[in-house]
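Heads up, there are several structures right after this.
In what comes next, chain A is part of two complexes: it sits with chain B in the first one and with chain C in the second one.
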Partner chain A sequence: MGERKVLDIPLNRAEGDLEIRVEVEGGVVTDAWSAGTMYRGFENLLVGRGALDGLVVTPRICGICTTTHLTAAVLALDDAACVRVPDDAVRLRNVALATEHVQSDVRQAVLMYMADFAGAAHAGHSLHDEAVRRYAPLKGGVATDTIRETKRVLEIVAIIGGQWPHSSFMVPGGVTHRPEATEILRCRHILHRYREWYERRVLGCSIGRWREIRTAGDLDAWVEENGAQRNGEIGFFMRFCREACLDSIGRGCGRFLSFGGLDLPAATRTKGRRGKLVAAGLAHGGKVHAFDQAKIAEHIASSWFEGYEGGRHPFEGLTRPYASGDEAGRYSWAKAPRYDGHPAETGPLAELLVARDPLFTDLVTERGPSAMVRQLARMARPAILFDAMDQWLDELMRSEGDGFHTSPGAIRDGRGMGLTQAARGALGHWVTIAGGRIQRYQIITPTAWNASPRDSAGVRGPWEEALIGTPVRDPANPVEIGHVIRSFDPCLVCCVHSVKGGRSLGRAVLQV
Partner chain B sequence: MRTRIICIGNALIPEDDAGPRVFERLRRARLPATVELVDGGLAGLRLLPLFEDGRRIVLVDAVSGLAEAGTVTVFDCASVVGGSAGANYGHAGGLAYLLGVLPAVIDGPIPQILLVGLETPAGGEAIEAAADLCLNLDEREPHHVVQPFPH
Partner chain C sequence: MSITVYWLSAGGCGGDTMSFLGADSPDVVELFAALDVDVLWHPSLSTLTAAEHETLLGRIRSGRQRLDVLIVEGAVIRGPSGTGLYDGRHGKPKKDLVAALAGQAGTVVAAGTCASFGGFGVGKEIEATGLQFQGRDKGGFLGEGFRSGSGLPVINLAGCPCHPQVMAGALSALAAGVPLRLDEFNRPLNWFGVLVHQGCSRNEYHEYRVEEEEFGQKGCLFFHMGCHGPLVPGPCNKLLWNNRSSKPRAGVPCFGCTDPGFPQKSPFFLTPNIEGVPLALPSGVSRAHYLVYKGMAAAAAPDRLKKRETGV
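This part shows the complex of A and B:
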């Protein structure tokens, strides 16, 4: 029997590469540390390789945000080559990237976030039995439905890019091929089916009705408006969160960053802001400030890297691993990105606040940011993307073709940056090319922003800050901490357990 | 029988690189027209479409604690399909999660699924043996197939 137990190990691959340590006093979190426990090193792996190699290597940084990394890599090369990308190529890139978003948002919500609602920690919740029927791992009706539907929508990426994940169909100046009209038609069919399922299952109403909600009060009324909305996934999520008090934890650092994403074609009926569907900017203190990438810097004071003091812009950044244990307070392999000298959280909530979305602006203004609002933003984001995706596919169908690729010639020496929005938030690639080869490559992922350790001034990262004040009812199973961290959608496999002993009594350690 | 061989594992971690090493060995071999070879890497849930076209599935992966190092064993995965192993879902979903949820999400019938397990650490001879075994499973006697998973 013991042998059977061991066999699970190679089949069950938990990526334990992030550890959250919290100090708890009087049942409340008083301090927190976020430690990335795995060295990534893709930046160094790319140095010395051919200028185009980032297109193949970087999509493999992540098996989920693979199209986003490809997007950032190709945007950096477009920038370096100063090449114009034809409209149809922009549309194809956008549809593939947005497809990755709309599948990830629903999968994360149902399979990762709300799966906790079916756990023993919420056994006393009045909606627990229904949560078990919906979200219990492997069995919940909504969980299995979500797997089927999200599997189908990813066929769009496979049609456009040849495969998912890890496609390399985007190249400087465009894409490698233009799908036939029948293939575009197939994409539209898949998208329409997925949208219909999203409206019926997740919203419980049409997207048009959802977009009419403009205030927190509207949202409260919408949930109770009818059975379909009350029992849709968002309606159920809202009702569960309120009773579980998830609307009062996970406030965060109060600064919300979006790099902007999904470039608009030169000729399109889709509306955006400053040439992008997803607006760029920093929301802070009730205002939205223009985005300036020159204000980005990475600190390494708390990270196991060496080479500089203070912060450095990614074009000047260094990635020199320096394993030194706890020396000088270093505790993470993640660097600490900062915008204008301050931590900033990123993700769907940041996108919506930067875009001045009336509902989420009102929710944050009137009730403050929280784990519930952050997660709600993620569940609602597909409602914004579907119309644009459908529009771009329609324009592709009608296009007389301005080509799908503009040759940039040989990639000349210089540097370029590719900034976009991944499913989990702001993603940037910065590349310097010399002698036809990559001289420097720096990547800042969304989770690096959210999970960053303390910076040179000792200021906590966004989710370190979001954990402060979180109540922990049961140190043996600090599920509240999981709710806060997962509201940021950490790109890691999560498994929660606690250890305590000796002087650490009262200190919960959550391994994510 | 049309067969899809899916090699699982992480080439960067020695304890988990048996699947990728078998993949590299098979990639250089002349495969029968009825055999399709897939580098499954660390994929879990996203392998689902590969289970849906009626092919027999042969998973190749590292195992531990079952036999002497280097032993190659064929497991019948039927007992783990629909089970509770891997109930924790990550972004990618693990292979165990996929096998657990398979009956509820698959389009069409569940195919025959076998696992060629390489007891770690697996040397070069084990890699060769596993690669040969993958291509000759039809010729193996039934007693080579065991059920390691609890019902």
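This part shows the complex of A and C:
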């Protein structure tokens, strides 16, 4: 038996801070505890506010998933108001949301994930010098290009909704504004430019060629097929990961959840599944199961909250922060969401598995999930979105228009839910309206799923589980932990009822 | 000599960073290169290891590492009960780090409304405050008398989020030694000397009181839809967002996010009014005169506006 050590690891480049505690024995992680470290109380400050106020307040939960929070908030109000949203409004909402995704996926990959490849921990890697040339913060060629290209594509959101981040252009029954055809045409120009850059720089081939890859073997052959593919960001990423063994760490809990997202307009040429471009479901054990939101429950047994035992559906959820500092077994301010009683990871890999994407299904079946595959799914996801975005813009341009807003009148008392997919995975808002005011507002963010602490049954959350077995070469710089956690694209500011390590993790439990 | 910058994220959403990454001409990379900025730390960009970061903080605290500009994003969280433990770092409140770094900084810049005035968490369970204001009240976390090494109060680059050109412009001015004149809430007049209303493409609707009463009607959003454009300063319609537009141009009311009182207590998307005239009138306007003026303006409104024939 090797020496047993406990490491507390603060992690940045995670959109918010988090602290991970791991127990390392014989150079391998044997247990892990994940804690977000900031409580911002957004759910509670919504209570008592106007029925529509979630449209203004919730985008500000997160500067990076801002359009996705707006989407979830408006879907919850559409639901509460039972209002039909005109096709053109659906298209405008979708294009803005998908723009946020395609920007976020590349930013996260280059600025937040591969930036580590340029770090000293990988100095001995045969591709390190090239990684520095590409990814050194604010200096690397690809890092610089990524900043420039991603900000340009966001102009589409501004044309549709006024600004990015933090607009509120989606309102119950539609959107506040319909850009005229020439403005839609500008959106297409911006999208085409970004797509061209993405194909050239990130894929190293056309999207058509990329989508011909259907198996793990195809992918290996594709990387070596030519210089452009070998040196594109995906080819480079895979070659770097293999030498650094990122294809063998970060397996996770093996359950993959998608709420589904991007509702299809009633009349569109875009194909999807059950009315959505991004399919909903739970992938587990090689099968995909139908999604039922009634199976969602949040536990607080390991969290500094009080008020109930076991799990609660978010319509019945409570957010009562409570900590005296001495609670045995409580070590996180994140709640523990569970689906059908089990933890589930969410994100682009989950979306692709639920959609039965041939390549990612084969990769996970043949080689198992890993930090590399999870991150690869994120880098490849834009390839699925561009065609639909372009199609919807085309339809908008040609639309005779049945309007872009149906007035629902005042929002009636009742409740509504808004479920969608953020860049980081499943996002849900559950709202109850009484007397024209918000009576209850519960939010479960993608990172709440992924970063969840142990539940009432003591079962670890997805990150915690994914860390088990991870080798740690240098306890002073456990870069492997970062690689595993960042493959989930953590967004801690979003974890609205998570508190940042104001308190050290429950020592009574963790002492070794 | 390079300018050293430490970007501290406190109780915020990261939106000011995301907004700043949208800066254009110069973009972030060009700006930092032109000003010879040495980014000691940025939470979303830095690759320092945890140990290296702690060493850096130790050197700043002890004065061995010069800190020219401290940029704080997000509110200072003081809850629960003043402990600050709702926002912690290695078991200690983050607010202690804010105080320590502010004490060493040549200039302190508040990025966004949360850092400037506290934002959403003021008066709530997290007990949020801005650096030198809590809402409209002077004081905040650092106290009314706080002055950074250069003798300046905290420079409040308000907005939710802060406009990228405001951040880029303020850093450029600091680097060039161009003095920034501040308003009563320590917002630079260069960007907060204009109202959000100025430059709004819907100004003609406002002029003739052609109103929007339902989303998407194309009209002025001030009278019914809760727009704060004529009430608060900000460059949104002067500089535009993402080089393209602004919320009011896209039919979304301005929510007054540069104001120390943001967010308002009353519901958004609704203008509190008496007989169709907003309770809050553009600053400095006499109510009686405004009533007469708007009554006459509405009567004079041309058909092309009333019929929304304009392309706006």
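Definition applied: the second predicted complex is superposed on the first by the 473 of 512 C-alpha atoms of A that agree within 3 Å, B and C clash if a C-alpha of one lies under 4 Å from a C-alpha of the other, contacts with A are read in each partner's own complex, and residues count from 1 in each chain.
Assume contacts are C-beta pairs under 8 Å (C-beta built on N, C-alpha and C of every residue); 3 or more make two chains touch, one makes a residue touch a chain.
On a predicted model such as this, the values are computed, not experimentally measured, just so you know.
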Partner chain(s) touched by A:I159 [first = chain B, second = chain C, both, neither]: second
Touching partner for A:L52 - first (chain B), second (chain C), both, neither: second
Which superposed partner A:Y308 touches (first chain B, second chain C, both, neither): neither
Touched partner set for A:I64, first chain B, second chain C, both or neither: both
Broader residue contact with chain A after superposition on the shared chain, chain B or chain C: C
Partner chain(s) touched by A:L111 [first = chain B, second = chain C, both, neither]: both
Doubly contacted residues of chain A, that is, touched by chain B and again by chain C: 8-10, 12-13, 15, 63-64, 107, 111-112, 115, 137-139, 144, 147-148, 151, 154, 164-165, 493
Chain B-facing residues of chain A, complex: 2-4, 6-15, 63-64, 104, 107-108, 111-112, 115, 137-139, 143-144, 147-148, 151, 154, 164-165, 491-495
Residues of chain B touching chain A in the complex: 9, 16, 41-46, 48-49, 61-66, 80, 84-97, 99-101, 104-105, 107, 117, 120, 148-150
Residues on chain C engaged by chain A in the complex (per definition of touch): 9, 11-19, 21-24, 27-29, 32, 39, 42-47, 49-51, 53, 77, 79-80, 83-91, 93-94, 120-121, 124-126, 160-161, 214-216, 236, 240-252, 255, 257, 263, 266-270, 311
Touching residues (chain side chain A, partner chain C) in the complex: 8-10, 12-13, 15-17, 19, 37-42, 44-45, 49-53, 55-57, 60-64, 66, 107, 111-112, 115-116, 118-121, 137-139, 144, 147-148, 150-151, 154-155, 157-169, 171, 173-178, 180, 321, 323, 403-405, 407, 476-477, 479, 493, 499-504
